[in-house]
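Heads up, there are several structures right after this.
Note that subunit A is present in both complexes that follow, paired respectively with subunit B and with subunit C.
Let's turn to the complex of A and B:
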């Protein structure tokens, strides 16, 4: 199978994020970057698919030229065969999706492309769906289990209230990956060394015949969540306090 | 509550400060391991340690190992076997070893700095790979080609584990008393005797265990010059069980998930490593690396304890600041970081520990230089520094490490003493570092009795040369004066102490036994002052607003004003000599 995977470089999940003075971006100094958590599931699924069905894995990233560091250690070292890095900075998700779709088309011949269900920085939940639409392929979101047989796929997706939906379809398809689909492996140290020599193409939009186009949406304002208010101590012995706690949860917080 | 995060930024900083690019990357065999690549390796390694090994630390402590006398087996706590399989599958144990035997061929300094994270997340676990590392080193140096071929592939891959069987009931520090015997038999020897305190002597992590056993041949001269080293595998090539059996595991204060075994050799088959009667040589090969690693144990657990104490302190409100301006009127009490004494404790730990980490980075890199640099003079200089400063890292690192874990607990008050936080475990786990791998006093004797006189005092001159070079580099920088002044004074004082001690000791050897431990601590503080001056000089290159620059300079300042003065006290204790100890009537004890 020819397998594609989309991977975005984002601040680490445990990075301390501060809003920049412009109120529209975040302070990048001193922030550690890595591949977005859900995209790590996509990479892992790509590798497992290759292990089972053979083939080749190509990753696609739209981002800064400095992303090669994270791509080598977070994608190529794990088992992605080569990476394409489109060094553009589109203003909205649609721009990113257009460039990814163009790069995937330019490369050509894919059976399946994996993406994360969203990225942990912007959380727009749009890329996979837009890429599928631009390519005109089948698409399933939030996948937690997946099988391939011939040119068919069967995907299980999580819905609200614990309901699971099983979707079958014909390849090529874009599969967006949810937590629980797999457990991400660690890179073997020798593979980190080998990854230094794997092909990583840094290209501009022109080289892939892509055009992000004008942004149709923009970030108006970023604000940190409000500071957590101080907790309230409930006085009295255990029995009284428990009663009061239940009353507060029911009448004030309205969570019971 | 466990908040530990690997201090990879500080590890990287120290690699840079002590010249990774110039000293290590420039060595041809390490050309692939540029700093970026090196950090990628350490990041992946650390991720595994935090995700997989750290969650097993407290449970391993609670459950401990299980010995079954019926079949002499030792079972490690739940999760250890899978964790070991994952650790070796990802080749985290192969960093410094020869590619010929399946190793990565990366700098020893990287595996050494990585081990800080391994120990901080699970000290018990680290003991298994640590002992195997010692055996690999000894075999690389003294094994025959056939032995290397036979054992090294599986020891490097981690399919087999190794041990060091030195101690016996009647012989601990004094290995000349070894009484285990080896008599010729077939193509090898048969060994009989009892070994104690054998770390990972028996366990269920690997399919085979290879023991390096010290024993005496029938024609051995008495004492330390009659000791030979033998390889004794648990299972022989034909799959049969070699009679080297675990007779029980010790119930210890800490490192409960690391089995400490009695090993009974009942005519076990073994093969000589190196020359007959020269077994101590094989031991000394791995001694520097092993002792360096024990010093790191202090650094590792002090770092983990410090992070816990800091997290606690940032959250805790208690009493009012004595400075009205710092009082927080929106609350009934102030955050305890307003109290100078809380800061004193935290900075005591931070300043000594970050200094020790720098010292470890410097000496670990010197270890690579000593083995692999192209230039012979450079190799010799590095070897001198490794020999001189390894006992200091082992002894001061473990002693200060224990004190630092205790100080961290003090910051946390009663909370630190409970099992709600990991600090009480760290304190139990780190205490052994002052004892094993040569007690700290043995380190002091090694420093004073062996390292100072070695090559006519050359080692000390090499160290002094490094200090002088730094002082010269900084002479025109007024920003460095607050560090270079005291560094110069304390170096002079150390020099004077060394001369006076040398004169007193040549007249009376017993003086060495009385003063060596205090001398080592004085030396350690001067060494850390040198390290802090190097770190301060490096951050002065950074932008004034850079948080790293501010943090390092303030910590350096604390070290120079609040810790370095201890050096003068140690010097005074050395100066008084032995009388107050040796004159005491035996009835006093």
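Let's turn to the complex of A and C:
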């Protein structure tokens, strides 16, 4: 099988995020970057698929030239065979999806492309769907179990209220991966060393025949959530305080 | 100030990680040093024992009160200053929170006891805490710049690195073992040192200024597997020599943590990724001081030379990955705790350290454990934790007797009966075995001089008078 996987470099999940002075971006100083958590599931599923069905894995990233480091340790060292890094900075998710679709098309011959269900920085939930639409392929979101047979796939996806839906379809397809699909493996020392020699192509939009086009959406402003108000101390002895607490829970918090 | 006496409130403060239950008549939660001083004066006047309680992560019952009052530092939790070379906070700030705030400015305070998220800055100093990174950075002591301390008479004193000890203080004169140790009062000429590692018995720490260093930009994390224990020890030897020769060299781990085959069984159950041939593993971290490839090549060479299962070495090159590797390491205590709960019996955990030359001897002694056990810990400092997991009262008694034998053997080998957990109320006998009656008497004189009514941390380190 020829397997593609889309991976975005985002701030680490535990990075301390501060809104920049322009109110539309975040402060990047001192922030560490890694592959977005859901994209790690996508990479793991790509590797498992190759282990089971054979083939080749190519990863695609739209991002800064410095993404090279994270791609080597987080994709190539784990089992991705080659990486394509499109060093562009489109203004919106559609622009990113157009470049990814162009790169996938330029490479050609894929049976399946994995993405995370969303990325942990912007949480737009759009890339997988847009890439599939642009390629004219089938697409399943929030996948927690997956099987291939011949040119057919069967994917289980999470819906609201704990309901699971099983979707069958024909390849090629874009599969967006959800937490629970797999457990991400650790890299091994020899693989990290070998990853340094694996091909990683940094290309511009022109080289893949892509064009992000004008952004159709933009960020208005970013704001941190309001600070949590200070706790309230209830004075008095235990009996009085307990009564007051019950009253507050019932009348103010309305949880009783 | 009046103490809180509600039994329901007190109930939350009567035990620590030792699971030994204590009793208390009242609880204070002061917010300022002056309030602490006022409480101490009142305790001293009325001769009421006063036990400091903070995160209650101690494994030695040091935070467990045996009557009297409790003083919780939970509201003394302000971070007051973070500069380039030092940072200052009140004693009750959580160590992990303090470190997060420091690291957000690009600076670094290295001491990392496993409990750092749940323990406080003050308590980590009062116990001279250490952790995995102590292999490179040492324990807490060298990182303390100055302290504010409330003495047993209510006097507030400030000690920095240059503050001498008043000439009438009877500082014990004895030779500490030349190993990692957190046992007994230190022989010192600096007042600052007197209050580091005294376990709340000589004064109450209310504020501390600590020294900072550069935050390492990148850290590599490794889990290395070995087909034999000898191979693991060979690698420890080699990595340790290299680290000592050049602390910033290509092979210069900042921590070397051992996991025995029983630990690996627990890890196999919980996280996988453990090769079948592995009987021992090392969890290691390497700060990137040169370029990454140079470090990786040096590690690879050393691992192959020592007969490690080098191909199976797990590695992470970023913070997020390192957190995942920590999950691997933390599967061990989680697995042990599950066993303890299942057994319905407390575990017996050792904290012995020995000189380099005695490491394999003490490890062979651990092999003779009479009941189910796991062995893990800070092998870079020859400081392993043997956890014995009894299932019956008889096994518990045998485990305790075995621990006593091991403590005596560690002392005979020139080691310490407590490398990092301190003495608390559970290891006073072992301390006596280590230092002898004469030195215990010296400890007693210092304690009596600074706290004539024996109100502070009563029962910790040395037995209180009847």
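Quick note on the criterion: the second predicted complex is superposed on the first by the 231 of 256 C-alpha atoms of A that agree within 3 Å, B and C clash if a C-alpha of one lies under 4 Å from a C-alpha of the other, contacts with A are read in each partner's own complex, and residues count from 1 in each chain.
FYI, a residue touches a chain if its C-beta (ideal position, glycine included) is under 8 Å from a C-beta of that chain, and two chains touch if they have at least 3 such contacts.
Note that the structure is predicted; figures quoted are calculated from it, not measured.
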**Prompt:** Now for A:30: first (subunit B), second (subunit C), both, or neither, which partner does it touch?
**Reply:** both
**Request:** Using the touch definition from the top, say if A:196 reaches subunit B (first), subunit C (second), both or neither.
**Result:** both
**Request:** Would you check which partner chain A:187 touches, where first means subunit B only, second means subunit C only, and both and neither mean what they say?
**Result:** both
**Request:** State whether A:16 touches subunit B only (first), subunit C only (second), both chains, or neither.
**Result:** second
**Prompt:** Which partner, subunit B or subunit C, is in contact with more residues of subunit A?
**Reply:** C
**Asked** For A:73, is the partner it touches subunit B (first), subunit C (second), both, or none of the two (neither)?
**Response** both
**Message:** So in the superposed three-chain picture, is A:231 touching just subunit B, just subunit C, both, or none of them (first/second/both/neither)?
**Reply:** neither
**Message:** After overlaying the two complexes on chain A, where does the subunit B footprint on subunit A coincide with the subunit C footprint?
**Reply:** 14, 30, 69, 73, 186-190, 192-193, 196
**Request:** Please give the residue numbers of subunit B that touch subunit A in the complex, ascending.
**Result:** 5, 32, 36-37, 40-41, 43-45, 47-48, 86, 89-92, 94-95, 104, 106, 547
**Asked** Which residues of subunit C touch subunit A in their complex?
**Response** 6, 8, 104, 106, 222-223, 272-273, 293, 296-297, 299-300, 303, 310-321, 323-325, 328
**Asked** Of all residues in subunit A, which touch subunit B in the complex?
**Response** 14, 30, 69, 72-73, 77, 186-190, 192-193, 196
**Prompt:** Which subunit A residues qualify as touching subunit C in the complex?
**Reply:** 12-14, 16, 30, 32, 34, 69-70, 73-74, 183-190, 192-193, 196, 238
